[in-house]
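Next up, some structures in structure tokens.
Paired with chain B in one complex and with chain C in the other, chain A is shared by the two complexes that follow.
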Partner chain A sequence: MASSAPSAPQHPTTGARTVRDAVVIGGNRIPFARANGKYADASNQDMLTAALDGLVARFGLQGERIGAVAAGAVLKHSRDFNLVREAVLGTALDPATPAYDVQMACATGMEAIGSLANKIKLGQLDSAIGGGVDTTSDAPIAVSEGLRRVLLEFSRARSGKQRLAALSKFRPKDLAPNAPGTGEPRTGLSMGEHQALTTAAWGITREAQDELALASHQNLAAAYDRHFFDDLITEYRGLSRDNNLRADTTLEKLGTLKPVFGKDLGSKATMTAGNSTPLTDGASAVLLGSEEYARQHDLPMLANFVDFEAGAVDFVHGREGLLMAPAYAVPRLLERNGLTLQDFDFYEIHEAFAGTVLSTLAAWEDEDFCRNKLGLDAALGPIDRSRLNVAGSSLAAGHPFAATGGRIVATLAKLLHEKGSGRGLISVCAAGGQGVVAILEAR
Partner chain B sequence: MSVVEDRRTIVLDQAPPLARSYAAAARKAAASAVPGLGRSARGAGGQELPPVAHRVGGVRAERSRLARYQRLMGDTLRDSLPSVFVHGLAFPIAMGVLVADDFPLPLLGMVHLANRVEHRRTIGADEALTVTAWAENLRPHFAGTQVDVVAEVSAPGGADGDASAAGAGSDVVWRGVSTYLARGVDAPGAVRPQRPSRPDFDAPMRTGQWRLPADTGREYASILGDWNPIHLSSLSARALGMKRHIAHGMYSAGRALASTAPVAGGYTWSIEFEAPVFLPATVQFAVADAAEAGPGALQFTGFKRGASRPYFSGTVAPR
Partner chain C sequence: MTNRYQKLVSAGPAKEVAKRLGLPRPAELRRYRPSEPLVPGPVLVLGSGASAEPVSEQLLAWGLDVYRHQPQGRRLGAVIVAYDDVSHPGDLADAALELGPAVRQLAPSGRVITVSRPARAGDAPAVAAARRGVEGLLRSLARELRGGATGNGILLAEGVGAGAPSALAALRFLLSGRSAYVDGQFLSVGSENGAAPEDWDRPLAGRVAVVTGAARGIGAAIARVLARDGAKIVAVDVPAAGGALTSVANEVRGTALQLDITRADAGHLILEHALERHGGLDIVVHNAGITRDKLLVNMDEARWKSVLAVNIESQLRMNEAFLGAGRDGLRIVSLASTSGIAGNRGQTNYAASKAGVMGMVEASAADFAAIGGGINAVAPGFIETDMTAKVPVPTRAVARLLMPSLMQGGLPVDVAEAIAFLASDAAAGINGETLRVCGQSLIGR
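Moving on, here comes the complex of A and B:
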């Protein structure tokens, strides 16, 4: 087996059973579409089913009973209480395939895949599919809180008088529906406004953010051009490429965009629609298995899913930026695996905003942050920027919240397999001040 | 015991309804506008504070009201009382002190300056509380006369007991001091102090944002009963000489505490109101550690972009 890390993780063993490798066999996603565009009519279930269909077709899983399918969506309609199971029932997979929903905001996909990998490592599962889906076009619209309470009280009422009493609490303003937003419930600030604070705190320049955005578009375009995504993407509803991709964008074009977040910072506002991810629709799925499973089914083995770690920060009390949790989770993951930040051939840092990636990198390079916030002896140091998001990331591809983890795992696994050696680091931030980071190793 | 020896305690059967208090205040204001009538004419008020405290026992939170309060503040439905909700329970009794005939300041138009509260322990939603309220420390302010209204809340039955009005003061679980200003009112012979110089307001980094709709004051009033017209509508506020209606100071305090107060155990908190929050409003909110105010202490500020002074600022510290 290819996984010979300098110091292998110490796994607790309670019996004779040892922990085995969890292998990334492959992935599939539908192209990501800008909101209210190509996929405007498609539901979460439709899109997840499409991503699974493509995965089933690619790896010949028709009629196969998969150990478990775990996925999720961030913006979920209440009718989608069993979203993933319903999607599985709509595929050619054996209906005896169990499925369940996971939700961890933008880290949903990573959490789903990481937990499945753990079950494979423990021998509880031989095969699994993890992923995610999100639509902001077909978003659940809810009745207002006021109307909801009136309706609930009305339904509980037993007499005509009680029903009247319930209805009397109705106010015309209650007619306004509630659409989900990207606002943090506890702060009332949108994710972009939160990131604007962090971006400013780390002194990340507009130019640096636009350069990162440009690289994302150029790298994604180049990856398409070399047919990198041919076995990672299945066409859906007339779309064969992520339609947020602007292969011909330039620093000049990006430089003309007006700031959309952090406008209260005045001239120091740096975050534009060009260096922030757009709202996007899409779905992704990743096939995992044990080595034996892959061999028995004559399936490829792209990479080992080595380990993953979640983090969370206190942004409510201003102690840390909303999207900085991965900065804290990565050193714990490195420590556990006996690695340094420089021991990677690829870095996949989810581009929620260019400012998120650059703030995270700046934090790892900052002696004071690493000592006082991370409790390390020294800064984690810089990374080789030529290894960052080499096949593009969310700024170019878009970011259908829960689908991003699956996009990244499949992309990185293939990059590692192409290279034939080395390892990659994944970092995904999420709403609620959370994040999930992971290590993959080439096979 | 905080009640001074020479203050007489008047035990009331129940808290005077706030609507009646406001009506009494309005009558007083109208009477004082007519020369020769009224005892506390504007500009000629302030002799001495009446040496009385009002006390009401058996005060209990109403569950549905508590739930509505917690929803309004974005707080969690818990079986313990938020500090500002306790203030709301005590408020009618404090108001009763302020509208008494011998109270020297006009209630209507008084400006809420600050609060200091000792929330000494977690207070259960079903505890029977005894509220004692009085006014003290009448003193000149650079813009008039200020006074402290003190409310002490005790739970004679203990955390899970059930008790009557007797024996207040033995187990004070909550003590709040609200400071009010009667603008332009001077006690005879009083000398107003200099207006203190105020450092320029340097807005902190915001950590949140509140969008307060125009009916914020009506929502708060419908839950905690403070129907002061300056909070209700533009029209009712203008009738009292305000530019527009403003949010209740305690609404701001309640929102701030919902995200900063310790979930369990006692704490002390304070807030100073520096500028009225005209409704509707967007309030920028900032929380930060305040180690100088004690271990685990937080400071908070509410402000408007570009304003020269904040709406309010305060601290919360675990006890």
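Moving on, here comes the complex of A and C:
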């Protein structure tokens, strides 16, 4: 054990490493499919394997040992306790590639990628793949709590009598299975119902939400048309575009949809199936590396993963909206990096609901919110809306929970690289009143 | 991939029945496997042409048994006829009459190869008659050969010796299992360019090769064969075929490039990917192609235009980009089709595009020669693929059994082998040519 005083010089071999850049090399995802459709028979492992293999093919990583693969799924079977490692073993990567599962609701992908970037910055990893996958079609269905207790007791029983006693506790109602829902465990409200409260509180209009949804569809369609996704997406099971995309939708069509959330608000209900994301299946993966790694392997460098920050709010006691955590995390991230909200060329704000994006933007423009809730001197102010989700976002592409982070990071990194300069801000809200935000810088 | 008929008549009582009825009995073809013998037995070299000497020397250097007279009681792996000195049709007789008995001794999947000079407009009529006579003899003999044996010729341009690198490379290709489905064809060697590879089993080592339409069928086979021969593969296909493209790219340890080749900047994007990711671009195989068959009376604009756009216009545009970038030594191999040679009912659009490929190749040869490269085409006949599996059964049976001398359809790998040969540096003396891989189909030349 070292006995020297704290001020003594560190041993040269154990000295702190300098922090280096973590570079986004590229990404791959499978097209996102509306639930119970094209990928109804695909498991999380199938889809994640496909996303990883597409990434391997794009960058010629066959037989390569990647430093780490981190990904996750929000809806997960208990058999998938090692989902990502199992997926990696099914790919063309070197089987000596370590992998682990991450889970942070809809921010899973962002957390996985951000943490890997940190390890690269510290020199612990030279290369890494982060991402996520989710299926609501092949969702785990559990036996009821009552049946589960009976079965466990039965398995512990040692005598016929004990077994009989265990089985006698079975009740017919226990046969009803438990399917996962999107309801918050502590409030019982669905995510949509929570957002409906926030949307109403910020006075976000139906028109504004429909306009945002329309822009998402139009931007995503235009990005496909200009071949933007040719090196970001790989066809899967006959699908080569996100099948939630409605390139020909209009404000009129969106305007005819009936509200599905916040219906007890009566005529003030604004959230429809058109301005809320549908349940979706899909997977994404992002290749990260140090600058040296990218150069040694003749790989492109799209953007630096500069920094990221998680946030959480107390939605349980109604102090804040469920999906408002990014509104709190962004100012902390900005301050740490010496930036203002206007210092960005692209804003990627995950469209869980159009209302989420618009409530967040409204909060940042609100003097009172910024002073009292964020503790700032003034409002963060408005953003240039022409820089928001310019290649479409979740309202058009869909939102397979854990896969969204990978979609956004790869999309933004390519946008920045195309532009050749500038930086982009990512904001992803998540269940449990959480969120992850991040900054990328062009290379 | 052997078809059911072929299996049926190759053994058991059905074999006898087929034999007595004179039904076609397709043989299993000898296909290339690395480190297997070049030919299935000793080689007999006939003829009085000057080529006999360098050819025999090279065969010995390759470790083969070489005879100038038919050895008693031995099955021959190949017979080579040096006809490069014929100046009168009467000069064909001696070697032809020695060749006859030799053919009786030819081993299954053996080879007959002529070496001669092409007839030209300026030749004395008797010279031209003799030279063209070689072609008639060989093509007819190829139809007489059985048991998977093939007959092909090498045409040496004036001034090109049989020891020229490409002449020897062509000889080796035709002897080997790489040419399994090449039959009744002549390979023209136009110059003494080229160099033998260090390792004949890895002739493309260190080369970067782009294969379009690589996701499936013949394209996937090309990617596999070029990779086996040592090339680093850039596998290109449209985004809609991305899943299959991924599998091929990962199998051959190359990179996948999702790209619609009809885009105006396709050539540029291919160059950029190959140079940035692999540090070079040495070979491009224009394999991507589509069919939209209809009788011309029923043809619509979309069917016509899409076939021409994918199959030929894209290639013209990409080649311009490659030439413009001055990639020294770039070798292009383009996919033509026997439909483009002989025509095919319902394929006016396809045949126009594929005949166009052959025209393009001939006309581009000089430009590619100027940068030390070359451009050639391969015209497949009936190849067993997912695409031809959709052809109605009777049509398929005719195409497979009756039309080609080899009495069977070819495999994607057969086309790929011909492409790999033409893509190699050893084939640099072959330029502007179209090589048919059709099992000597009845159609065309």
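We take it that the second predicted complex is superposed on the first by the 428 of 443 C-alpha atoms of A that agree within 3 Å, B and C clash if a C-alpha of one lies under 4 Å from a C-alpha of the other, contacts with A are read in each partner's own complex, and residues count from 1 in each chain.
Quick note on the criterion: a residue touches a chain if its C-beta (ideal position, glycine included) is under 8 Å from a C-beta of that chain, and two chains touch if they have at least 3 such contacts.
Quick caveat, the model's predicted, so the values are computed rather than measured.
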Answer with first, second, both or neither: which of chain B and chain C does A:A87 touch in the superposed model?
neither
Tell me the contact category for A:A51 with respect to chain B and chain C: first, second, both or neither.
neither
Of the two partner chains, chain B (first) and chain C (second), which one does A:L412 touch, if any: first, second, both, or neither?
neither
Is A:H227 in contact with chain B, with chain C, with both, or with neither (first, second, both, neither)?
second
Look at A:L197 in the shared chain and tell me whether it touches chain B only, chain C only, both, or neither; answer first, second, both or neither.
first
Between chain B and chain C, point out the one touching more chain A residues.
C
Quick check for you: in the superposed arrangement, does A:L334 touch first (chain B), second (chain C), both or neither?
neither
With the two structures laid over each other on chain A, which partner does A:E235 touch: chain B (first), chain C (second), both, or neither?
second
In their shared complex, at which residues does chain B touch chain A?
71, 74, 205-211, 215, 259-260, 284-289, 298, 305
Would you mind writing out the residues of chain C in touch with chain A in their complex?
235, 239-243, 245-247, 249-250, 253-260, 263, 276-279
Looking at the complex, which residues from chain A come into contact with chain B?
145, 173, 184-189, 193, 197, 201, 264, 315-319
Contact residues on chain A for chain C in the complex?
50, 53-54, 56-60, 62-63, 92, 227, 229-231, 233-237, 240, 298-300
